[in-house]
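Let me begin by presenting the structure, written as structure tokens, before commenting on it.
Chain nomenclature is as follows: A, B, C and D, assigned in order of appearance, with residue numbering initiated at 1 for each chain independently.
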């Protein structure tokens, strides 16, 4: 009994859980309105990330490349940066932000990003007088951290570049949800509306779920504007809802502009959502409305039908983004699921000291293992090992074959979830998210009982 | 090629699709606020129906019985009606409506329901001066029709009993959605809100999905009030969204109180929803808002990812309530699913002349069969028959074993859906319902591919 | 005032005679609730009908038998997908239900032809099935269809089939209990003795009043196998129709549920001289005692002790783990009747659980005698409790968990009280040693449920317990 | 003006040299788009990198081979779950990806030890697998890790394994095409001739440039089986690593994708004298022609005719059903390169479909020569098209369907144009007779899609086409 925190022992990776830093930076970069990230590296560094986003969201996102070739490897990529910026500015007249994202190759070559940006700014000023394009330097060598840190790094750099001075207080709340789905962003925005709180979500990805319109207009882009970002410095407070995805930005706003920051547990499950709403209420002075109390009650009501009948004692393996995995492990405890294996996929040394993990460790009166720097081979080995008796996997679609091969029920959650339809639209946070996720887990277990003809008759009446 | 409309040839039924009339009447009866239906018959006639509702909604509903025993079979059940009404009135001080629902036994015995109600009314007036309880006579012999007609019958009788005179116009729209889930009711109410239309839903079952509240209050009841019902006569119009479930009530309001009735296709799928919104717009003069145009676009966008890649040519069997089955068959055509088998479960002779079925018949350039008065053995026989090649079943949980035994993907839809969690909360109508249903179908097909290791690798990227 | 008139019953004072609050020193000589009496109309009782007592509880359990319900469609529809009694042949009994789908014309002109046609169809459609039970329902009983005559004709036409008829319409009696009785007596009258079972052991029993809920029968069968005892008939868990025709050949009738099947045990004793031995199959103490009694009867005590020792070694530590965590838990039991007395003392002895209120849907006087004898003082004993009474009793005794059906479970959930399915179990089986550990586990999971604490928290309060803001 | 400067390209006029609008009477003597040239930065081109050309397109198809990617994690992560090439051994190639997960310290101090350890680990973890390809990536190439030396050491330590190294970082060349080339030449240099295949037929071929997309290889294998032709190596669909080491023993190289694998065919001809025969495997006419050519080579013409007749009898009626419904459909092809010329005439001849615009990501001059020769007048031929160009071209030619990748598919969806996955297929295989019927079916389903009509309807308009109010 008890919780062991370990680290993958192998040097190499078989089936990674996360992509590299530039991928995360690109995700943050597309969350801004009128923004096209420019990835400084080989073409694959943006092409496959664009494909990944398309797989998950079933949408196209505009991301450009400096198309680094051998000559740049030898002579440096300066010209390609400057050409790329100018071509984007010329051909996209509405463009206002270009996150300039480095990669392993251009970091190894050592291109002077800041110097190039200065040159670009001068050239732009001359070519487009009266137009302001923010070129954001984003240093994301692929050989450090992962997409998780890359997301955070780009977000921070965007804020540093655009939110440059303190203005009049705008009465708004900054919300940093981390790398979440449009469904979560929509949920958070709805909660703020219901609380009558004016909030800005960094980044507002609601339109990553975008329509086919009769006029053929394309709406697939971030909603967070340059003004929103500039205004972050003037907010009444920041809520950091993810420790590893944007927490540094909220912290920066506090340090630089005295915008008070509250670091919260990610609002997965009932109690974490309670804490979020109570924090919003405390900061804004607005009461939690009856509508959310009712939604909370409906979620608890729905989960109560499932918890002790179907979930109790089920052994769960979780993998994915760290804030998600930890938050879902907390949710599992609320509904009597037993998180026995948490896999975190990069070498961030902070995970081991995360207060939420320490709290789980303190509570664990069952066998629990947290594997840091894990890959999905660590999952597969444990799923194959009868000692682990994994009953359920919660994770993203890159782990799909572990579930398929070993006939373990798996609920897709996190990023990417390309082998299920519509998940990006569904919330996982908040009361509704907890309920929807609980019901997805139940329905996945039910289908599994039926396929395997394993007590499927239980469901004749429950 | 072409559509054949047939009728089950057997006399008996193996695995019925619908319950009997009193069950449908009870469902309509619990949709009213401060109403407890009183079922005049054996105790099982309400006890099992209450269980059925609990299985589907995971909620308790209050329904009383006159507890008919042998003596009543010989001497008539008058005293048990009058005792039952009085006991309910005494013990439930908020009670305002008692639908008095007959059954096979009491119809065979021939109890004088209307006479008994007159006596009850007199007794109530004496016992509770100043209090008005509407006792609604509902004649639903179990040996006629099915739950479908029983629902319609109870609704009509409630309207006839309570909406007794024309008053000042109230500017409202009457919506008769038929026997649908709270999720559909919530969707319809949201659509009306977004259109800025004041509408009354008969019956408003939103609270059939009810919370656990900190104060332990119980909210599980219909929301349609006596005032709402009385006001139906003063509306600017009625929309009958189901031909067999409430259509007669809308028609009655037109005949009796000149409330214009519009009979629409049930709003399953995109085009039927379009027609509904356009009808609302025409009647009320309110424009369709941008928000619904956007929701429509998102639904089409999501379905387009699925239609020609995963759905095209898939052979679908549908069973359940007639308006649902017909509506979903129309939806199937929109997303390139091929409805090859429609099962309608009672002997209502109108189905064969339903304009929607005739329209499907006219369009069918593939083999399609509509079986009237069908039971689920008709489904099972065809699923076993290799000529039919059923790829997908859409229907309620009473057909679950046909899918389980024969390894056919099945999406639960309709009533009851007791072997899946939370479906009552999900809309099936409207743009969102179409999208959610389409995505459920896709995800069910995907899980099936994975379990059977049948081209599960397709989903590695799509 | 040991008989209790609840506040909610002030307008129906006759309910006082149905509710008893036991006081130290009292017993059933002093007070015994009225039971098996008609329900007051409009009270929102929990009772079903006698048809379901026959079809749903007993007959419908059989794994090789068509259940032909002669009546309108609802009687079939409603007694399908409401039970959890699996079988070892793929749950034929759970998958299908049959109805003659009576319509108005048959009410007017009689439904016998319809029945006959439906019976032939059913056999034609399912050619592997050769056994059938035909049930009347309210309207076919009222119009006087002669289902016995029809069954005889069909058997004449089909020499390879056997058909039993059960004439027990929903309005008969006051509860499902009447249906149990009718089926029991009908079966012993017409079917017992018509098949000679193959005898494979010198120790033979019938195991009566067990319906394989959640796999109970299959679990206990392991014990009989280990003891070398042949069960000629399970009445009726996981049983074949013809098994029950050979009940007359058992040396002993071991009775679990005396309420639903004591009748047939009594008749088998009267007609065939087979002794009746009542046991309790739920709980460690009871199960051990039951095994001892049966083994004593056959003189195989040492086998019984070996089995008990083996099972104790395997399961007692788990039971004790739960007992440690469940003791003092307050439990209510609102089920049919017999489980009140089966469970009240076993959960007390084996798990340290206090049963604080019990309500019986269809128990008779002898059930109340048993439960009051076994139950505690300070506990409410209720006959045919209704919804308002339940609310009031909950306020009085504040149970931590209620064993009842799923619908009532949903109701009490709103009051933040978890339920365990007292009819079909949450995750059974619950009989035997392993089964009682399952029950303990389910109770533990129900009671130790973080959602209940969360449900009770008002997040608008300033001292909300759930404010878990992370420390920096 | 057959070379076209689009409106969106006014600021990058050099793009005029990449876009050709064919006019009657012109041919490639007159105009040939520039191709295989560097992409203009910031243009939102569709190109990938050369690493993916080697790993993702060719090497990663092998069904028994570890693909060890020496670099940061992204190069592995991004070339996993992006392809649809199943295998007959349960898709080992699709399930796994391997990375040395390079970190900063390895960039500073060198990554060879890390690589060596990762290679040993991979073989240890998957003891059934004995073959490996090691790839460099941008940073490991830049720091100069010697992966060949490491591979040699590991092979020294593990006599039962064989390892191939592919040094093709992402920045090499201008597109994935460079990666094809590097892998082709490397393989023939180092691996061909190191295994002697078992010869089981007197007719032997290599089938080159087919990656079993959607099951293509497995479908065509049925034809080779019927013809009695042994395929020594599929390069690389559904192939084992060692199959490809025996390519020198084939009598004939049948080449499908000349762009990705023509190199190895040429080398095999040069070094081993094996003739090269290019065929098209998509389309009825082409497939029949290809079979005829191969059979003629072996002198088994009658077998070929029999096969073609059989396949035509089976599939031609279905093809014609679709042709009847597709003729006049306007199609665009935006894929890698060769499929432009494979498909443009086959869809025209077999399905009556008009290809109105084509864009190639990585085609070379010879690809444009072929496609312009086969393609129609009035059609646009584009090298390395970018997003704004696509929009403009769509406005000009108004295609009914576009064969392209899923991301671009999602983009053109907003314009109410359905796409078919031109890389991985929608529901393949698409090669061969049956496959071309699949393609026709997918195209039919894409084009005849009620959602497209619905998408175009503005429900706020008064004359909405979807007002389907039921007649009373």
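List of remarks:
Going forward, a contact is a pair of C-beta atoms (placed from the backbone, for glycine too) under 8 Å apart; a residue touches a chain by one contact, two chains touch by 3 or more.
Source: prediction; values computed, not measured.
The set of chains in contact with subunit B as well as subunit D comprises A. Between A-D and A-C, more C-beta contact pairs join the chains of A-D. Averaging Cα coordinates per chain places subunit A and subunit B 40 Å apart. Subunit A and subunit D have Cα centroids lying 33 Å from one another.
Centroid to centroid, with C-alpha atoms defining each point, subunit A and subunit C lie 51 Å apart. Centroids of subunit C and subunit D (each the mean of its C-alpha atoms) stand 65 Å apart. Residues of subunit D in contact with two or more other chains: 81-82, 94, 406, 410, 413-414, 455, 457-458. Among the residues of subunit B, those touching two or more other chains are numbered 51, 55, 58, 210, 212-214, 293, 296-297, 300-301, 304-305, 397, 418, 460-462. Taken as a contact graph, the chains fit none of the simple arrangements: neither line, ring, star nor complete graph. All chain pairs that count as touching, in label order, are A-B, A-C, A-D, B-C, B-D. Listed in rising order, the residues of subunit A touching subunit D in the complex are 10-16, 18-23, 36, 38, 41-45, 47-55, 58-60, 62-70, 72-73, 80-81, 83-88, 90-91, 103-105, 108-109, 141-144, 146, 210, 212-218, 220, 347, 377, 381, 397-398, 401, 405, 418.
Within the complex, the subunit B residues that touch subunit A are 51, 55, 58, 209-214, 293-298, 300-302, 304-306, 397, 400, 403-404, 407, 418-422, 425, 435-436, 438-439, 442-444, 446-447, 450-451, 453, 456, 459-462. Of all residues in subunit C, only 81-84, 86, 91, 94, 406, 410, 413-414, 418, 421, 424, 426-427, 441-442, 445-446, 449-452, 454-455, 457-460, 464, 466-472 touch subunit A in the complex they form.
Within the complex formed with subunit B, the subunit C residues making contact are 8, 11-12, 38-52, 68, 71-82, 94-104, 106-107, 114, 117-119, 121-122, 125, 137-139, 142-143, 169-175, 387-388, 405-408, 410-411, 413-416, 455-458. Across the complex, subunit D is touched by residues 243, 262-265, 270-272, 274-275, 277-279, 287-288, 292-293, 296-297, 300-301, 303-305, 307-309, 312-313, 333-336, 355-356, 455, 457-458, 460-462 of subunit B.
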